[in-house]
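Each of the next two complexes has subunit A plus one other chain: subunit B in the first, subunit C in the second.
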Partner chain A sequence: MNPSVKFILVTLSMLVIAFFFNPWTPLLFWLGIILLQLTMSHINWKLWLLFMLPFSIGAFGYLWTTVVFGAETGGTIIWSFAGIDVTEEQWARALSLAFRVMAFSTLSLLFAFTTDPVKFIMSLMQQMKLSPKLSYGVMVGYQFLPVMKDEFTQIQQAQRLRGAETKKYSWQRLLSMRRVLIPMLAGAVRKAERSAFAMEARGFTGEPRSAFYHPVQIDRTDWLMSGIFLILLLTSCIGGSWLS
Partner chain B sequence: MLEEIFSLDGLSFRFPEDEDKTLTNISFSVHRGERLVLTGPSGCGKSTFLYLLNRLYPDNCDGLVDGKIILFGKTAEDYAPGEINHRIATVFQDPDSQFCMPTVEEELAFTLENLQTPFAQMEPRITAVLEETGLAHLRNTVIQSLSGGMKQRVATACALIMEPEVLLLDEPLSHLDPYTALQFVHWLEDLQQASNLTIVTVEHRLDCWGSFFEREIQLGYDGRIVADQTFIPRQPILFPERQSAAQPITLLLTQGLSVTMKDKQLLDPLEFSVSQGEVVAIAGPNGSGKSTLVKALCGIYKPKTGTIRADGIGYVPQSPEYLFLTQSVQQEVAFSGASSQSELNGLMASLRLEEVREAHPFAISHGQKRRVAIAAMLADKKPVLLMDEPTSGQDDDALLELFNLIDQRSREGTSFLIVTHDMEFAAGLADSVILIKDGHMTGKFPANEVWSNEKLLASHHLLAPKGVVRPAKSFA
Partner chain C sequence: MLKSWKLKEVVLMSLFAVVFGIVYLLFVHAANIWAAVIGPLAYEWMFGIWFIVSIICMYIIRKPGAAFLSETMAATIEVLIGNAVGPRLILSGVIQGLGAEAVFALTGYKHFNILVLMLAGIGSAVFSFVYGYFVSGYAALDPSFVALMFTIRVLSGAIIAGIGGKYIGDALLATGSLRGYAIAHAKKGDVNA
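For the complex of A and B:
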């Protein structure tokens, strides 16, 4: 699927969901997204669960704090526990918040897990008219990441040999990072200049280009997926309002 | 009469922040199909000159240009940005920072997109250039996974796909080992003959190029042309004769040393010893385990089995600045606190560091940085020094300086283990050679035995050093 289209859909859904305060809309939407992911994508579910773990804890935290510390609203008390009375409205609001967190995180993960970053940048440039200067800049940065990582370990190793002791506390370690970062930054500046020269020497001027070798197109799947997505969004909005 | 491609008249160039001119009064012209090399000491403005030809300068540095540059019969200023780069392609020195796309094919496509090539022509042009350069099998390979030599070829292919009339090369061999460098030169020669390219190269390691060039322009320290002459094939620099300083005291002894990482045997068990004052070269193909050995010796990697016995092993990485921790050279050398003030002063004096005593270690020249690293290691009381690729990208003067430095220190009792691809350097300096292949140490040989054994060298992807083989041939 076209990454730009996906990006727009994801952003749109988030904005829309943000305006519904009943618990049903985010719940329906969340279940729908998971269903979509189950049926239409191949992702590493183990990794997915691992990533979802902090979000789930966060969602539960929201639920708990809203229920326990929420403003007094009045209304029917549905549940009483250790002197805390939970009203119906509080409970609904808490659930709404929690599900919203779940829905948003699932949605973000859906995007992150199924999008190739290179293709995403290419698509941003081709469909969203992002300037080539910025897009290729990001691309070069992306290529440098593994190199920077190697450099980082190399510098650390070399400095440890000099007897630069590893600090006991993490804040001290954070401060001594400076020693590693300075040589790294010095190298990065040099590298960046060289890359810029290399690109320019190959005729890169930052002008919009007239043709692409790998055009990232919008095809039938995109329309289809957008349709499914919008239907899901609409159903959960209407269904949510109707159920509450 | 051949067509004139470049013509320079009284060209001078000055960086805005500098007092002195980088280039002064340069006049010459280049004809189509010529193979020209620009030589001169480091920092004489060779690269600057190249950047003036492909119009990266003066726009990117606000430099001040005097005189005339005429490219293809038109003054340089009249070209729109990027326009000239379609006709003049450039290959740079560093194989790691020339690419912006993941795979070879996409990188080539990036170049074509820059040229606003219509979509229908892209595919055939990419296929054609890959065929022509013999890289067709790498089409979908991830560039960062390639070796330095292959990256340089890909960079050249990216330059050639523009169908340029001129190819500018900025020290293209400096990161390649001699074997790969030789292959690159042969490959370039075939390409040049097939397409009648004009080639202008900046280079200081002329011995690798054989008789590739036709003409040589020499620049002096002050950025003036010293000589403009027919190119004569060069011999590598001859290092002075050197007496081994090895003494019968063992400084380093390893036994059954092996390294395993993530269940992968990187280094088979190996053993060797190094005497005081001995200079050992460590050689072998790329990825054979040379740097693993070095890292195991100095304690970055934990050996799986075996023992290393030594009083202290210091390590000078390829970029010495990785070691630096403090704000001044003096503090840097004194960092460990293992040496007394008078010892430190002695070291600083013998390594000629007194003039930069107060300078920031990042702000001195490359040679000085390395001397600081060595001084720091010696001040740590580490009598065995490991050096990783100290010769790459160094000009003749720097190589000689390094040679003298190692020679002198070895006579004062320091042992050296040097990882290097530069066989001339190794031949001039090493008392013995450790050959490694596929994580297995073939053995530690006396140096002269290795240089004459071509079979042994070839099986380790090495070339016999030029200065040593010739006399052997003339004996036969």
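For the complex of A and C:
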């Protein structure tokens, strides 16, 4: 599927779902997305579960803070716990927010697991008319990722060699991150300059162009998938309002 | 808008976006673990970290769009690396970038002192809060709790993004690698830069 089309669909449905505060809409949508993923894509489900784990915990965090700190809405009290009365309305809203977190993260995983990064940038440039200067700039940055990783260990080793102590606790290490950050950024500045000169020397002008080495197209599957996606979105919106 | 940009400035922005994209992701994970314990309030005080790249890039490059583009790029890189928050991050990056950009645009891209940088951090905070209010459904929370979240986020934007951004920018300037960028010319009092 075309990455740009997928990107627009995912963003659109997130914005639409954000309008609904009943628990059913996000729940229906969430189940629908999982069904879509089960039937239409081949992904590593073990990895998927691993990624979903922090979000499930986050959703739980949302659930209980909304119950405790939620706006006073009145309605029948369904249960009380430690002096906090939970009304029906509050419970519905809390569930809705929690399901929303789940639906959004599933949707995000759908995108992350099925999209090739390079193809995404190429598609942004070709379908969304993103300036080549920007898209190739991002590509350069992306290709430098492994180099950056090496540099990070190198700087750390160099500092250890000179006797800079490593902190014991992880939060202390987080605070002393600037010691590594500044050399890394300085290195990034120099690399940026060098690769920009190299690109210009090879004739890169950054002008918009009409022909590409790797064309990315929109085809029939894109229309079909967009249709299925929009139907799912519509069904969960209408079904959600009707069920509550 | 990009006509006046040199390629090296675009690539510089992209590399910064890579570095901070990684930093951002680390903090997303840290914040997610936090959030499970104390709820959405966990994100607020560290929100400034996620605005920092736009402040640093604008401080260095000083051209219209630097804040907006760099934040968007950082978000895109985060998505490219592959993470579970997904494409929604790009949208929040766009919005945070716009917040900072708006402040710089209001000052006419002429002043880059600590006050403006802090205001830019606040701009990002306000924009991202409005967006978060909508997407994360803060409307369902108690108004006083929302007000508390908002205050913490604005402070975080001003302190971490504004002051921290200037600090990193100055430290980088001291390494001497920024010759050839607007920040170095400005220090020498070169008006044409």
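Definition applied: the second predicted complex is superposed on the first by the 219 of 244 C-alpha atoms of A that agree within 3 Å, B and C clash if a C-alpha of one lies under 4 Å from a C-alpha of the other, contacts with A are read in each partner's own complex, and residues count from 1 in each chain.
The definition used in the following text is that contacts are C-beta pairs under 8 Å (C-beta built on N, C-alpha and C of every residue); 3 or more make two chains touch, one makes a residue touch a chain.
It should be emphasised that the depicted structure is a prediction, and the values quoted were computed from it without experimental measurement.
*Asks:* With subunit A superposed, do subunit B and subunit C clash or fit?
*Replies:* Subunit B and subunit C fit side by side in the superposed model.
*Asks:* On subunit A, which partner's contacts cover more residues, subunit B's or subunit C's?
*Replies:* In the superposed model, C touches more residues of subunit A.
*Asks:* Should A:R93 be classified as contacting the first partner (subunit B), the second (subunit C), both, or neither?
*Replies:* So A:R93 only meets subunit C here.
*Asks:* Quick one: classify A:T235 as touching subunit B (first), subunit C (second), both or neither.
*Replies:* neither
*Asks:* Report for A:F21: first if it touches subunit B alone, second if subunit C alone, otherwise both or neither.
*Replies:* second
*Asks:* After the superposition on A, what does A:E200 contact: first (subunit B), second (subunit C), both or neither?
*Replies:* Both partners.
*Asks:* What is the contact status of A:L107 with respect to subunit B (first) and subunit C (second): first, second, both, or neither?
*Replies:* Only subunit C is touched by A:L107; subunit B is not.
*Asks:* For A:V140, decide between first (touching subunit B), second (touching subunit C), both and neither.
*Replies:* A:V140 contacts both subunit B and subunit C.
*Asks:* For A:T65, is the partner it touches subunit B (first), subunit C (second), both, or none of the two (neither)?
*Replies:* In the superposition, A:T65 touches subunit C alone.
*Asks:* Applying the document's definition of touch, where does A:A186 land relative to subunit B and subunit C: first, second, both, or neither?
*Replies:* After superposition on chain A, A:A186 lies in contact with both partners, subunit B and subunit C.
*Asks:* Looking at the overlay, does A:Q127 come into contact with subunit B only (first), subunit C only (second), both, or neither?
*Replies:* In the superposition, A:Q127 contacts neither subunit B nor subunit C.
*Asks:* Between the C-alpha centres of subunit B and subunit C, what angle is opened at the C-alpha centre of subunit A, expressed to the nearest 10°?
*Replies:* With subunit A as the vertex, subunit B and subunit C sit 70 degrees apart.
*Asks:* Report, in whole Å, the shortest distance between any C-alpha atom of subunit B and any C-alpha atom of subunit C after the two complexes are superposed.
*Replies:* Checking C-alpha atoms only, subunit B sits 7 Å from subunit C at its nearest point.
*Asks:* Could you give the residue numbers on subunit A that contact subunit B in one complex and subunit C in the other?
*Replies:* Overlap of subunit B and subunit C footprints on subunit A: residues 140, 182-183, 186, 191-192, 195-197, 199-200, 204.
*Asks:* Show me the residue ranges of subunit A that touch subunit B in the complex, using the header's touch definition.
*Replies:* 118, 136, 139-140, 143, 146-147, 154-155, 157-164, 179, 182-183, 186-187, 191-192, 194-205, 207, 209-215
*Asks:* Can you name the residues of subunit B that touch subunit A in the complex?
*Replies:* Spelled out, the residues of subunit B in touch with subunit A are 51, 54, 56, 60, 81-82, 85-86, 89-90, 92, 94, 96-102, 106, 109-119, 122-123, 126, 144, 155, 158-159, 162, 295, 298-300, 314-315, 317, 319, 321-325, 335-336, 362, 376, 380.
*Asks:* Over in the complex, which subunit C residues touch subunit A? Could you list them?
*Replies:* Touch list, subunit C to subunit A: 2, 5-8, 10-19, 22-23, 29-30, 32-33, 35-42, 69, 73, 76-77, 79-88, 90-91, 134-137, 139-143, 145, 168, 171-172, 175, 177-178, 180-181.
*Asks:* Which bits of subunit A are touching subunit C when the two form their complex?
*Replies:* The contact residues of subunit A facing subunit C are 7, 10-11, 14-15, 18, 21, 51-52, 54-55, 57-58, 60-62, 64-66, 69-72, 93-94, 96-97, 100, 104-105, 107-112, 117, 120-121, 131, 133-134, 137-138, 140-142, 144-145, 148, 174, 177-178, 181-186, 188-193, 195-197, 199-200, 204, 206.
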